[in-house]
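Working notes, structure below.
Chain naming follows the written order as A, B and C, and within any one chain the residues start at number 1.
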């Protein structure tokens, strides 16, 4: 699998524009953990990739949880004593606390005040709040607006329903040469938030499009699911099959221009952890590697101790650590086409490492084989940094003793996996390397 | 076990004053490795804790050693040519080299000079010297005094006896729910030296008083013994029972205001080593962790290769590394009530970790259990830092897989053990955690 | 084995002078991987050590390689259009590309130019180039000379032969008490280059002289071989016996005044790696320890995966990382008598660690044995730093539990191996230590 196309600037720019266009198109939709917003989102994605849609009825028991009622929001507003709509869902779907129960009432500002959420430190931004599992309601608004509200009687309306329905998620399997799977998971439950939610959706969608055109050793399973309840639901419905998942990545906050952050799987030394660390070390942006913690996105569920799947989480700026997080400032301008392309390239490179890794045995292990007489130096020298290519040949020959994989050799040598992989291909062609039968 | 009382400022101040008062009371006594000074010291401690006294006859073989004759010192002085007492045991018991044989003689200053010890770098301080296993004698004095001695004939007198008697030590066992023991050992063989010897005695005594009022899983064995020969004697007499010692601490130099120093057991990764490191990381003073070395206090004997007990050593400023060490400047002013209280709190917290540690299994390990429906967030939120409390719940749930103890989880999460322990208690109450049967 | 003589300044200076004299004497000889230069070099070494010479016929198959034809060079020059010798082998044997095929021709400067090699960055230095396995020819010259060449017709002559002959190498075995071997290998294939090639030859020769006068537990095998093809040839001819090699060192670039560089064996934690690191840590020059890489000198062959011998590489400035490398500036002035002596001392100290290491058991392991009654403190105190000597006794006693070797104890204590070894000797003499039977 080659990701050389990503080096072609025009192709990369076109992909970045396409992913950013998808983010912009999905931005206005009011998603939540259930309801029409998720369905509309998945419908748009189906124009790009052949997602299978799943509908799980409200009330279905999924491990310790129950699939909740479906939330449908039609409108929501707050009118001030003069009857002016000072808060209006139609201007921003962040204005209504997600999963608010329906309400239509009049009350004083003092009575209303505990239902209003703002960010005093960021007075022009609207916060994002949810009340999934409490029967409550509320509004979010900018602190400037809040501060300007006059005393008097207010009219509030949340025209929403909470009724038996379904939890909806999308799934796509790209079959490979083996049934071993690589899981790519992103959440689709946030309303107008771009880095958190839409960036992961865009990168996952275009990664699926890319991988669908490549030969694949692994099968790839893409999940577009509501956070927490979605992954718990999927795990509950697929429990007998989860041991097929050999590697996995949760994608979130992959569109901002910050450096990369990779959060290791609970295992800490899974192949996905090593592949991600390798790829990130060999790209140019700053990188932070973090150990697993049981707080974050759906890796919490995949890495719960009853599953302990080898699933890490790829981010740029980590959730909760950039000021725009869960505010109206996480808008299409915060997410950049180039950043989306870089994230896509990292995902594709990680897949390329996992696809290409293997353990080999040097068939001429006593002293170095004489590469010159086989013309190998020349053979690999063309168009490459020949010094690095020669080094890769020596490293692969020396450490292909059946105990070091190509990724081991790449890490130990400091060479990029692609160089090591090319060297291994060359040596195999000349009979100097044979693959160790997998155990 | 809770050490919450130490957070109550009044209680802490009272304890500090009490420990410092004990140091002051014991300060004038001329202790050595045997003799009446040790007995008098232990007698005072028995007013506070029900020590059992042991008397081991001189000549008793204890491994490679023999219990020495008992040393009794009545008086000692040096008179200058004018008959003035220029060195007088009654003014400081450091003046006589400990275990000096009796002498009464006249001699020139030149003849006397090799018997006189001073500190040229610290001209006003009297050093502390011993001659336990040589039949020798000598005096210690300030360098100022030494330099001022006129030529002429001197009269020296050491009115002491070295006769068959006993080696004396004190022992206290606080029985717990199990016969597994935690050993707390301090030395009682130094004369008027406070940080070295009296600080450890005071903290051990008040730790025993504290633990005597708490429910205990472990039994606690306190030893108040002369250094080296005392621990060798105790080990020799208790050899069949030493495998009950599951954890141990030697306390020394725990009264000065410096940061904490913990010297690991010879094993290096014993539970006591991890518990001490955890507690010290979560308090405010600077901390130095050191690997075991075969030089120091009685941990040398407990960690000799024939025993290799899991015994570490807790100090503030390490012996030999502060200028007052083994000099008259290690006086009651060098030891601080607040420092004694901090040391006591650290000891109690280490005991709390050892008492509270355990390995549990999450009974709802597939995905996260839904804590909200059980009201657990609220249940633990009251009065605590609720974010830290929620994190502790998630950490305990995720890593309670039978392979991580609560201390493992505390260390991995960066949370204090107490938070993790409270989370585990809450989860057990809600049936989400069960203890792994100990193997 | 003691290297105390190296502390005697006069002896050290004399050795440094002798080694530097050997470098100067060997400097003018035009060595290559085969041919009379190697034979002449080995002949001179045989005046100092009883080397056995081996001649392996051209065409002999050695693993994946074939012993090449023998190269004999008589003369080589370039005459400019005026007939002046602008390049003359007799002035520097670096002028001819090593293993150039014979040529005698006239050609334009433009035609000649691709055959001329210079160093634009170092315009006065002549580079060193080879063409071992291509049938090619060429000249090396200073960039100043190259730039001054006028246009016109040149006459070039390389009076050399490439004919069936032999590959020559020297070997010396110093038998020890056991058949276990320590391998010392250096290359003898470079012409007038001092740090690269002659420094290793000089140190290896004088190390052999030194070891020949010492009692030896190990047998020592010295190899003076052409690089790559020489070690491959030796391995091929000695394959059934290589498992006798318990430790090994390749010596190269050990004469410049830079700090030491030790490149670990492929195993990374072999005894030679630990012994070398220990010795280098306890000497005064800067030290760099590097992991094995499959590029360098003959450690590449000894550490090929079919052998994986515990062979490291000792250097001062690493090959390729000092500007004089492979240029005419690597001359006798670049190599210093004192540096050669330091390198010899390091080699001898590494041998002393390997010879003296062993695992012992404390026969009095319960508590510390009483050293005073045995007079051991005094016994070891004479003439040494007594504090360090006492510490060494305590460390050896505490960690001699059958699981820690003396080198383990030296590393853990921070004491030099020699102190630990002396302590072990003293303790054995007093029956406090017995050697663990080797398994």
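For this structure, a couple of remarks:
Keep this in mind: a residue touches a chain if its C-beta (ideal position, glycine included) is under 8 Å from a C-beta of that chain, and two chains touch if they have at least 3 such contacts.
Computed from a predicted model, the values in this text were never measured in an experiment.
Per the C-alpha superposition, chain A sits rotated 120 degrees relative to chain C, a value rounded to a multiple of 5.
Taken over every residue number at the interface, the positions common to chain A and chain B amount to under half, indicating a different-residue contact.
Taking each chain's centre as the average of its CA atoms, chain A and chain B sit 54 Å apart. For chain A, the set of residues that touch two or more other chains is empty.
For chain A in complex with chain B, the touching residues are 62-65, 133-134, 228, 231-232, 235-236, 239, 266, 291, 293-295, 300-301, 303-308. Of all the residues in chain C, the ones that touch chain B in their complex are 362, 364-370, 372-373, 391, 394-395, 397-401, 412-413.
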